[in-house]
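Take this structure first; my questions come after.
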Amino acid sequence: MYFSELVSRLADGFLITVQLLGWSGLFAALIGTVLAGMRVSPITPFRAVGTVYVNTFRNTPLVVLFLIAVVGLPALGILQDSFFWRAVIALSTYTAAFVCECLRSGINTVQPGQAEAARSVGMTFGQTLAIVVLPQAFRAVIPPLASVFIALTKNTSVAAAFGITEATYQLSNLIRDFPGSLVTNFIGISIGYILIVAVISGTASLLERRVAVAR
Amino acid sequence: MSSVLFDVAGPRARARQRVGTVVGTVLVLGLLGWVLWILWQKEQITPDKWEAFTEPQILEGLAEGLLDTLKAAAVAIALAVAFGLVFASGRLSDHAVLRWPSVLVVEFFRAVPLLLLILFIFFGLGSTLGTFWSLVLGLTLYNGSVLAEIFRAGILSVPRGQSEAAYSVGMRKSQVMRMVLMPQAVRAMLPAIISQCVVALKDTALGFVIGAAGIVDEAARIYISPLYRNPLAVGLVLSAVFIVINYALSRLAQYLESRMRREGRQVVGEEASAAATG
Amino acid sequence: MRFGRTKALCAATMLALALGACGEDTEGGDVEVEDSPEFPAGSTMAELGEEGVTIGVKFDQPGIGFLEPGADDPSGFDIEMAKIIAAELGIAPEDIEWKETVSDNREPFLENDTVDMVLASYSITDERRNIVGQAGPYYVTGQQLLVAADDDSISGPEDLEGKKVCSVTGSTSIQTVEEKYGADPIPFDTYSDCVTQLQNGSVDAVTTDGAILLGYAAQDPENLKVVGEEFSEERYGVGYSKGDTEFCEFLTDTIEASIEDGTWEEAFQATLGEAGVETPEPPDLDPCV
């Protein structure tokens, strides 16, 4: 009885965790890439915006961002219907800062010779970036990016305090209904997170091997 | 300036860049202005929303909350460093009986979400520990595990000659570890430790969820009170406080790192540390 | 103990006279402090009378136990009842030490003597009576719903199907509305967060003990209202260290006296009554075990 309840509630909770992870990850990747581009561009205001963004969001606790998103935004009349999307906003804007820094350090690992060669055959900034630099940067960046997404997975748990019935929220539920099951609940939920993390790491390793370049 | 992506700009490129800069500035300022205007329209940043921060009693409360937060972070980091040292040497031990549990412990606490860990501790031991120690214990276990990995990398990065010399004068492994490797490793990892402080400080905000005293908890009281109703203003002030402190800490870490590089010391990379991943 | 009871009645009479003379100028009414109450030597009452009392209350429930940001002391119905009890011990309201208790640490605080008493919307349950003592109840309430003042679509729990209802994570309130009435549960850490979400339109209702909801409605009567019949029963009691029967009888006597002499009603009117609600019938108190 307990075990089947445990599994069914964990399934409900993790379904939402995975949805949060998916959407936040997607937006974080998009915003982070744009930010990285801004930070390396020759246009000063873009660079400034990128730097300010990163320094702001990296140094602010996620909880505070959630507060602003979940409690502050509705006061502006935005997204009153959906706790989910407010959580996605908080998570993706936060993670985007880290994605940006990852990509930026990846770009910096690409040897200048590559870009020089690209320019010498007449490629524009855009072409150099897209065809020569970014693909190589991406290769260098897979392990740290995987770490960022693993951190995002764990950060989705904060949504439990802001109206989302995801995996961590189930802990209090289960304790209330099955007192004395604290340890098993905790282990059960942990296993769920560990599985997701393992999938992310595994995918990263696979990707790494496929794009590895013989040096 | 040249970088991987573009050469030093020639005259046409410079002209293009100037145009781009102007356009960019206009865009950015325009966007910023628009956002501020909307916030003003919806009465979220009007002067009355900031009133709360002029009340001396409230400022006092916030200052106390900040002190509580800093206390929690400081204690957690101190304990985490100790934890990290213990488990790093555990992982490097020759005795499997020490090694395997160390691996399990460190990997487990790194994989589990910190909020889940804190809730588990609070529900289980909260009666004896209280909110402060539940929070600190959770922070210690998590940051300690991250530091254990960083320390392990640090110890492994100490030049082999050091340990070889130590062994050759007859030291046993534990002595080598304690007297030769650890001190050098810790010095090399000072920047990483400070970055971890930033992480710990941010994570103290999670204490808000279990009702631990701290600046987030204090600040939440403000926007909840019917007198003020200013969640956005409160949120902005909170971020500002954290940003200032964390930015200062990060710069300190960067400064230490560059100084150590100049001295030619080994510096352990922290790409995989929590500070770089969030 | 007849001795204690007589003293209590005496004090209650003096209280009533004093209050009649003073009128109600402060929020929550004045309590007349017992000059030098006599208690049996070694009893908890004597001890507390000497050393002062630490009382665990809520800081985040308006009308019941709420600490305004920047204020020194909390205010609310629980606070008023606590002041009445402390007055019986000979302790002035200014001398009471208030400690914040959240739902999870009420028992631990009593067990390790962090506080001497708990008045924190503390529902009396058999499980809790295994760990601590609970005297009272001094107030009976039940689960109700808080909705927007202009929302007529919800008049009771039956109307909750598919609606977003907010309550505290892990509470029985949130379980009840989800499982029995088909609502969409939105969990938050505190009721205040829930009310904020109600006020900005993100949820349709907030549910918990009516007493707590009344406190919020009292803060914002133009925009919030409490609806529906109570669909559970919560009896608020005073928590004390288990086994201290003497103290329990003192507490029960004090509460009964305050009901009889009208101070109970005044405490209610000054706090929860601000929501425009009629003073309910005072409860029947449990015997001390």
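Annotations
The first chain written gets the first letter, and so on, giving A, B and C; residue counts start at 1 in each chain.
FYI, a contact is a pair of C-beta atoms (placed from the backbone, for glycine too) under 8 Å apart; a residue touches a chain by one contact, two chains touch by 3 or more.
Note that the structure is predicted; figures quoted are calculated from it, not measured.
By the count of C-beta pairs in contact, the leading chain pair is A-B.
Nearest to the common centre of all protein CA atoms is the CA centroid of chain B.
Ranked by how far their CA centres sit from the centre of chain C, the chains are topped by A. Per-chain CA centroids place chain B at a distance of 40 Å from chain C. Averaging C-alpha coordinates per chain places the centre of chain A 17 Å away from that of chain B. Chain A and chain C have Cα centroids lying 44 Å from one another.
Counting partner chains per residue, chain A has residues 71, 75, 160-161, 172, 175 touching two or more of them.
Residue positions of chain C touching 2 or more other chains, listed in rising order: 189, 193, 196.
Each of residues 123, 208-209, 220, 223, 231 in chain B touches at least two other chains.
For chain A in complex with chain C, the touching residues are 71, 74-75, 80-81, 83, 160-165, 169, 172-173, 175-177. Remark: chain B residues 1, 3-7, 9, 17, 20-21, 24-25, 27-28, 38-39, 42, 44, 108, 111-116, 119-120, 123-124, 198, 201-206, 208-209, 216, 220, 223, 229, 231-232, 234-236, 238-239, 242-243, 245-247, 250, 271-272, 274, 276-278 touch chain A in the complex. Taken in their complex, chain A has these residues touching chain B: 40, 42-46, 48-49, 55-56, 58-65, 67-68, 71-72, 75-77, 94-95, 97-98, 101-102, 105, 107-108, 110-112, 114-116, 119, 125, 128-129, 133, 143-144, 147-148, 150-158, 160-161, 167-168, 171-172, 175, 182-183, 186, 189-190, 193-194, 197. Touching chain A in their complex are the following residues of chain C: 166, 169-172, 175, 185-189, 193, 196-197, 200-202. Contacts from chain B toward chain C in the complex involve residues 52, 55-58, 60-61, 122-123, 126-128, 130-131, 208-211, 218, 220-228, 231.
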